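The following pair of complexes shares a single chain, chain A, combined with chain B in the former and chain C in the latter.
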Partner chain A sequence: MKAARYFERRLVHSVALLVTISALTFTISQLAPGSFLDEIKLNPQISAQTLAGLRAQYGLDQPVPVRYFRWLKSVATGDFGYSLAYNMPVKKLIWERLGNTLLLGATAMVLAWVVALPCGIWSAYKARRWIDRILVASSTLLLGTPELALALLFILVAAHFGNVGAGFEKSRSGGASVLRGVRIPAVVLALAAFPILFRHIRSAMGEAWHSPFLQAARGHGIGNMRLLLRHALPAAASPLISLFGLSLAGLVSASFLVEVITGWPGIGPLFLEAIYSRDFHVVMAVVMLFSLFLIIANLIADLLLYAADPRVRAEC
Partner chain B sequence: MCRSVPARRQCPRLPVLSPSRPLLDVRDLRVSYGKGAHGQGEAAVSGLSFDVCAGEIVGMQGRSGCGKTSTALAILKLLPAEAHASGSVLFEGHDLLRLSELELRRIRGKQISIIYQEPTLALNPVMRVGDQISEVARAHGLRNVKGQVNAILHRVGLEPKRHYVTYPHELSGGERQRVVLSQALICKPQLVIADEPTASLDASLKSEILALIEGLRTDFGTAFLLISHDRCVTSKIADRVIDLCAQQKTVPASALSSVCDKSSPTRILRREEPLVTVRNLCKRYRTRGLFAFGRSEKQALDAVNFEIDRGTLTGLVGPSACGKSTLARCLALLEKADNGEVLLEGRNLLSSTPKEARKSRPMLQYIAQDPAAALNPRLSAAEAIEEPLLIQGIADRKQRRRTVAELLERVGLDPVTADRGCHEFSGGQKHRLVIARALALQPKLLILDESLSGLDPETQAAILGLLGELKDRLGITQLLISHDLELVSSLADSVAVMRDGRVVEQLGAEEIRDHFEPRWNNGKLEAAPKRELVTAESE
Partner chain C sequence: MLRQRKVATALAIFAATNLCLLLAGFLAPYPAAEQHREFAYAPPIRIHFVDASGRFHLRPFVYSLVAVDGDGFSYREDPDIQYPIHFFVRRSAERHAFEVTEPANIFLFGTDGFGRDIFSRVLYGGRISMAAALLATLLSLLIGTVFGATAGHFGGIADTSIMRVAELVLALPCIYLLLALRAALPLHLGTTQTFLLISAVIGVMGWARPARLIRGVVLSAKERGFVMSARGFGASEWYLLRRHVLPQALGIILTQAVILVPQFITAEATLSFLGLGMNEPVPSWGNMLSAFQHFQVMSSYWWMVAPIIALVLVSGSYFALADVFDTERIRAGKSYA
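Moving on, here comes the complex of A and B:
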């Protein structure tokens, strides 16, 4: 009962937040100079009347608040507008590419967590031993390497062995081709996420490992493996769940740059092109998608936290 | 080496083994902390020998920092990595100090259990208490775990059905202590080492837990090594008492000389302008707003009026949650009061600009409840003390160094220890450190928020002595906040009594003694728990 009220409140918060973000994004992008039609203006064959007509047709002659509320109204009915550059509805355009981005993001996320979790736990358990030192040092190195450089490096290596396989074409491809295409960007993304995950897991586990209740449990003669997994891990779960929420939120947005470099047909390249060509509705839709993911991920993390930590349950 | 206090009850009740062969035999135990692998570091225990017979309750007492906990941990080889233990701990023919980790694991919890100092910290916050008890049973291969856990929960006075599924934070302090006891006893060990099992409990709970321990000894024939700083606790149920203090270093004599000396407080005869005047101070707490529904308010301070005279020690007493700490924090400008005036030497601090307020801060020094939490463990003592000087830009490097040494000496610490990390000091020494830090800026008013609760009587007395000395020699005005009326009235020149966010009365020195004894007996104010045990024992 209490929990339902708590999440109801959180939901109201989230909707308010989304509306605020949309208003801010809308205003700020209107402040930027130029619009899609400015490019057409350069073409001498198109007359001023035609331009003014187009302007009126797209409603660009209206003041910003009016346009914002129109946009809000159509979004509320599920219509995200029309892409001027692609000449198709934004929803359809994004929907196609969202699948690709999610595929890449999820693969990378699973990869990163599957590697970072055992590494972090082991590193905390063997703190200051050589295995820990090696892991910490390599995570520092990775942390300092931009994912851009990593991606280029991987492409270079793959090209050397004649095995690039960046991107894929859905029409012709089966699962093998997808796997071939997702390899490089997924590994690069996972490597970029690894040091942050690893460090957080290591420090959370380290703290739990040295907590008084763990010392007490050791005093009761409970074995190390059980101490580590049954006692320390649940106690360290809270910060890790927040971290998990963050990586969920990054599912669509973190791969942006890597997609562009490796030619992955996801949202990243689309977003970049839309910004260049001032394809306004696409930009708005992508930003809203990013925010929506962030908010949903936070909500999920809170739910998980609520389930994992009895103290949180008592508080709210 | 160590002095055994003559037994109150001469003979252990249930000698399972022959008395000639003790269950646990500790010989020449030395524990040292620090770098040197073989005891060059700081010695916490030096050459301690004692034994515990089967079914016997042995008390171990001593001031904080004299190695009680180190001894307890050393027996089961649970000391932190930087500690080093030597000597021998014989249990059933094995020297525990020489056993491997795997062999020790079979003894820990099964044959010798340990109860850690603070049950709140010793229980995993995200595990049900029933599961935590059955963990211990499973680790040692017990059968019918669920039934055994329920039985032990019942034995320690909890309801198995209800309490099995609760989390530690849902329990009271006494219930947590019972859970920790059942964890220790689930495998029916031969010896339980209980480190301050009653330190965090109030008087009636204390007696209940002690009675429970005595009952468990009778039922299970378990021997207890009962560690406590409280003499009343050990002498109440122990068959023998080991006094660790007798052989360890003592605090500087100067600090102990004026302990609780009722004649020492100098009464202010001349009535001059008070140092601090508080008028109509109000503070209200709200729950957060924006989209949160059902916000509530709590009036923490409800028009507080009182005065602190120059060069006196004023006590502020009252039951918990009456607004004492809020008042202290408002006075120290750590919390912004909603309304009212705080006059320091006639200037209103609440209406001053942030810049002026910053200038007044050095004059008001606040000492928080828990010195361990108030000290940054990464700093050395010297760094901690000179920090206020650095912030205020006072003195150069050399001068600061000198000031630090002077301050350390003033509060009864050895200046040689200045470069030790803050975390290396004992509880009582940390108290001295925070006082030294507060003194660094030569404050006019020292606000001590429950600074003395949770200390053992000797340390408490020593710190009280120090406060008296600061008042008499340096004329530093102090506001001592406590729920312990007896403690405050022994030292204070005047006492303000708070209830429900108001100062209901302020009494002078004579009135304190005249008024408080009868009042306190009426149960009008919260009394200090320990007195009850003292009387119980002397009967």
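Moving on, here comes the complex of A and C:
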């Protein structure tokens, strides 16, 4: 019963957050000087009547609150408004690219966790030994390297070894080609996500490793491997679960740059193009979509935390 | 001992990089926008100590470049005349760290497609990127301090509403919002306006985390004995905040500044890289890097990575410094975060 109440409260909070974000993005887009139709107006072959017709057709002659609610309705039905530059509903435009972005993000996420988890555990186990020192130093170096620099350097190295086709290749014919295409952006993204994951895992595991209950378990003569994986890891899990939700936000931001730089046909390049051509429904849709994504991810992380950690349950 | 050495190293790199940017006008041999069209995409110059006949010179020298006919941008050295490098030269009321006389050129990091000296541009561009980042940091911390202190000190509805907004800002995908916000503002402006606008946009995005941290400090600080007793003596809220509560947040404000500056340098570089920030011919690390969007440049003219190296160096030195600050604070038992 308590769980349902907790979930309900979180859900209400999330919905309120989304409504605020929608109002905010809409306001921002309204403040913008110039619109897509202004750019069209420069064309002498398009008459004032046509322009007025277009304005009426897209509902741009309505007052702002009406437009806001119409837009909200189209978001609710999943259309996300209408792209003037592409002359089609934003949904169609975004759908395929969203798949690409999610493919890239998921690959990178899995890659980062698969590498960071054993590294973090091993580093905490061998704290202050040379392996730990090397891992900590390299994670610090990576943390200090901005994603922009990381992506450019990586592309540069790939170009040097004649591997660039992979990153730039936009065709998606068959699984092997997708796999080849995703290789470079995914590795860059995983490298960008690695240091924060590694640091948190290391510190959470380190804390668990030196806690009294583990000393007791060690006193019972339980082997190190079992101690690490069966005793320390579950105790360290709860900060890692909330880290999972938080690391997604970083991933979404980093993925934009990586996509733009490596030419991955995801949401990133579309968003940038929409900004250049002042196609604001696309801009708003992307911001809304990613906000929704992050909020849901954080909600899931909170629920997982609730399920996994009795201390959280006691607090609510 | 090891810790002290680490602190010293971090501080030394930090000071050195910042000093270089500060002294850009002195260190850079050329103005940022000066073009040498005949030397487009020239590689970094070689500095010689030993001449063709094998004699050693104490004063280093360079050879002038000659374009090789035929294949695009390739150059060879003309070994007939040596041009010695002069240090601390005074030229038109300005001192320069080093230069060579015409027709030789000293392109330490090579040149870009317009034949502009990359070394000079990295320095001048870094100064702009750094100034924008510092301005944005100042703005962020100002907003963060005002909001955080208000929320923590007065509590109630102010606290709830401010913290909700902060949560909102933290929940958003920041780069998309940054770009959307930038898109909502005029794209083509004068240099000064663009500079101020970018700083403002970046600064407005970053206040949430400092505000949260400062709120935490203020919350615990206002319950301290001496603050309570000052209140008992009839001190006003404003006096308490200014005199007793906020000074306790100084450490965290400083740490946040060191954490924010490299993030904001990167943010500025990103905006300029995408063509939404500083425009040509004004150099910034971001717009220098946008040359990399051409595959040809990336594969052939490797010396154009200089801004990336600078970016990593500066951002890394700030991160190292933040690390040092953090450890010191935890060591002093003042961990709030």
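By our rule, the second predicted complex is superposed on the first by the 290 of 316 C-alpha atoms of A that agree within 3 Å, B and C clash if a C-alpha of one lies under 4 Å from a C-alpha of the other, contacts with A are read in each partner's own complex, and residues count from 1 in each chain.
Everything below uses one rule, namely that contacts are C-beta pairs under 8 Å (C-beta built on N, C-alpha and C of every residue); 3 or more make two chains touch, one makes a residue touch a chain.
Treat the numbers as computed from the prediction; the structure is a model and nothing was measured.
Per the definitions stated earlier, placing chain B and chain C onto a shared chain A by superposition produces a clash between them. Residue contacts after overlaying the shared chain place A:Leu72 against neither chain B nor chain C. Residue contacts after overlaying the shared chain place A:Phe213 against chain B, while chain C stays out of touching range.
In the superposition on chain A, A:Ala237 makes contact with chain B only, while chain C stays out of contact range. Of the two partner chains placed by the overlay, neither chain B nor chain C lies in contact with A:Val114.
Using the contact criterion defined above for the overlaid structures, shared-chain residue A:Ala56 touches neither chain B nor chain C, since it reaches no partner.
Once chain A of one complex is fitted onto chain A of the other, the partner contacts of A:Leu272 are limited to chain C, with no touch recorded for chain B. When the two structures are aligned on the shared chain, A:Ala314 is found in touch with chain B, with no touch to chain C.
Between chain B and chain C, more residues of chain A are touched by C. Within the superposed three-chain model, A:Leu152 lies in touch with chain C and out of touch with chain B [touch as defined at top]. Shared contact residues of chain A, touching chain B in one structure and chain C in the other, are absent. On the side of chain C, the complex with chain A involves touching residues 167-168, 171-177, 179-186, 262, 265-266, 269-270, 273-276, 286, 289, 292, 295, 298-299, 302, 305, 308, 311-312, 315-316, 318-320, 323. Taken in their complex, chain B has these residues touching chain A: 76, 78, 104-110, 113-114, 116, 118, 121-127, 132, 135-136, 139-140, 167, 169-170, 180, 183-184, 291-293.
Across the interface of their complex, chain B is touched by residues 9, 12-13, 16, 211-223, 226, 230-231, 234-235, 237, 308-311, 314 of chain A.
For chain A in complex with chain C, the residues that touch the partner chain are 17, 20-21, 24-25, 28-29, 31-34, 140-141, 143-149, 152-153, 155-156, 159-160, 164, 168, 249, 252-253, 256-257, 260, 271-272, 275-276, 278, 280, 283-284, 286-287, 290-291, 294-295, 298.
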